[in-house]
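The structure appears below as structure tokens.
Read from first to last, the chains carry the letters A, B and C; within each, the first residue is number 1.
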């Protein structure tokens, strides 16, 4: 693969731009997309980079089409991706479902915006349930929730690899703030960091003469018997569970002696991190836990963190009305820690909000 | 530019004025013409106005008529739902070229085929205005947009959609199909009147595309804006009534 | 340097976001931690454009903030729109030529500073460099970046314009210097405070 960067390249760019560069560095070959705020600039940058690097781009007629064209492209063996948000993410659940059912290595970047419905175009964390569990199916997906531009770059590369290695549809879950803000990061060629890019391969359009060199490919997406579907879903579930230990990622700080653990994901974890530092300076024993993978969820690690001291309280802070909260409760079912919440659907959370909440419940 | 009567239409909702479209935007002209037409026909109380998501969404409280804001591309089926349930209401769907010809194209096509008794007004500004100027189905060959930064390449993305021509092919004779422009105000008024009359008389599907301006995303000054509208768009997209149950039509 | 939070607000076309971008770029070039985020979305159309900038030596947390160290309102409408970002630690800056209703000014501020930026731009320089005066003012009030770094960032951002018309370089640098001086002066003397 040709080098994208001469050397490690420091940059001060938006998150959307970071996605475009990372996709390029990861060897993505074609993007399909439909305009929607706050993801537009992923397309804008990609369309400017594409001709220079011999990459493809198509603006489709809507998100259904963008999602399904990606399904087609990855079946043909190309590293393809899309990016969307809000109602576009809703529409893409149909193609994402196809990717789940047919185990297609689809990679999508979701820059969450406010809902329900068209809501606001700015920011929220309200697409957690949608992105992790999606439509009709069991949510056999991989979802990375990033917090910094460096992570956007790193996990875009990782996301393509996870999709092609495990063949579960894979998502990078960002938000409007991460999409639109500028902050520093370092960009690199993955190979130079010892990251091996997983090779792509076609599922249709294979080499060789049918009947002589190979059998024809018949990719199935519908089952006539309940039992058949049962077998398939059970197999997917077992595989998803089996790879979870190696996929799961999280961040934990100061939980050893924490009386209260603040649980957050994505951009909110930046405020949680600051809040914990300030609370500690004030003598309050606060800890920090952040799932990086929302699916699979680091439930074992969170249970351990809770039970170290053990913590008396778990405060779940999110820019949504309980989506991380529901996810967490189902994952750590049986723990007796008291769960409190700071739900601020559609608005940003700062350290001050979290500190106030902590003080009001301790 | 045609003549604009100085009086404010009765059907305008005054607390929402001044409106929020950019200076020089054609949306305001279309809505002014629509307001005057609603007044002229005396239908303010029967109208249900539905707007798409696009810059058209800024019109959600533009009129003192019952109004609803739908989804990007979904105004047509929402209007059809209202009309099928309450035929006495006069439904006006207001959308952009992206909403109508791209994401909502299946709805446009199928409601035209079914000859739904709704009136749809589609504003063609050759781009996706609200999202910052991406390519639309109507973007002219060679035109630069955010997603065609080197100019629309017809080999890769085809030719601009000619909506009214395509809808005329799908509809029976009782439908009304026209293309207007904000540069010919009186004609625009007449086409809108015909499109509403056609629904009121229960004839059939009524569709008006209006060529409009988007100086913000075209990055044009006033003179360049009108030049692009009159010399580029109006040349590519012929103005006139393509199908009308009211006499011969205005080409 | 501890965290500095700046909110710049004005009308579309006043170059609020460009100024913010240049400032943020300058801070980044000085190897500081920097975050810049514009307000975007519907409210932008016909609304006030706001830029949120944060600069620090340490890693920066949340991308937005509720109270700023410096708020600069570049238009009359922007004053009311940004008053809420001001508390008792905030320097609140606006143009002394604005017609301002007292109730629109922030209720809390460390200091409210009126600066004759528009007038100075029109009389001494060029109306177009009004926003560069403001940039100078922010630097004068906060030292968020060095004067040199600001000049360099201006140079790289406006290189294509300077190339076409070299006089513009002097004009912009002068505007930057005047803005900085006005700010420093106002801090010393309390000029225009509570105008």
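Note that in this section a contact is a pair of C-beta atoms (placed from the backbone, for glycine too) under 8 Å apart; a residue touches a chain by one contact, two chains touch by 3 or more.
The model shown is predicted, which means the values in this text are computed figures rather than measured ones.
Chemist: Going by the touch criterion at the top, tell me which pair is linked by more C-beta contacts: A-B or A-C.
Modeler: Of A-B and A-C, more C-beta pairs in contact link A-C.
Chemist: Using the mean of all protein Cα atoms as the middle point, what chain has its own Cα mean nearest that point?
Modeler: Minimum centroid-to-centroid distance belongs to A.
Chemist: Indicate the whole-number Å distance between the mean C-alpha point of chain A and the mean C-alpha point of chain B.
Modeler: Comparing mean C-alpha positions, chain B is 38 Å from chain A.
Chemist: Give, as an integer number of Å, the spacing between the C-alpha centres of chain C and chain A.
Modeler: Comparing mean C-alpha positions, chain C is 36 Å from chain A.
Chemist: Where in chain A do residues touch two or more other chains at once?
Modeler: Residues 37 of chain A touch two or more partner chains.
Chemist: Hey, which residues of chain B end up touching chain A in the complex?
Modeler: 53, 57, 69, 71-73, 98, 102-103, 105, 128, 131-132, 134-135, 137, 146-150, 156-157
Chemist: Touching chain B in the complex: which residues of chain A?
Modeler: My answer: residues 34-37, 40, 43-44, 47-48, 51, 57-59, 61-63, 87, 117-118.
Chemist: State the interface residues of chain A toward chain C in the complex, per the touch definition above.
Modeler: Contacts found on chain A: 12, 37-38, 120-122, 176-178, 180-184, 267-268, 270-271, 273-274, 348-352.
Chemist: Can you name the residues of chain C that touch chain A in the complex?
Modeler: Interface residues on chain C, with respect to chain A: 21, 24-25, 28, 33-42, 60-66.
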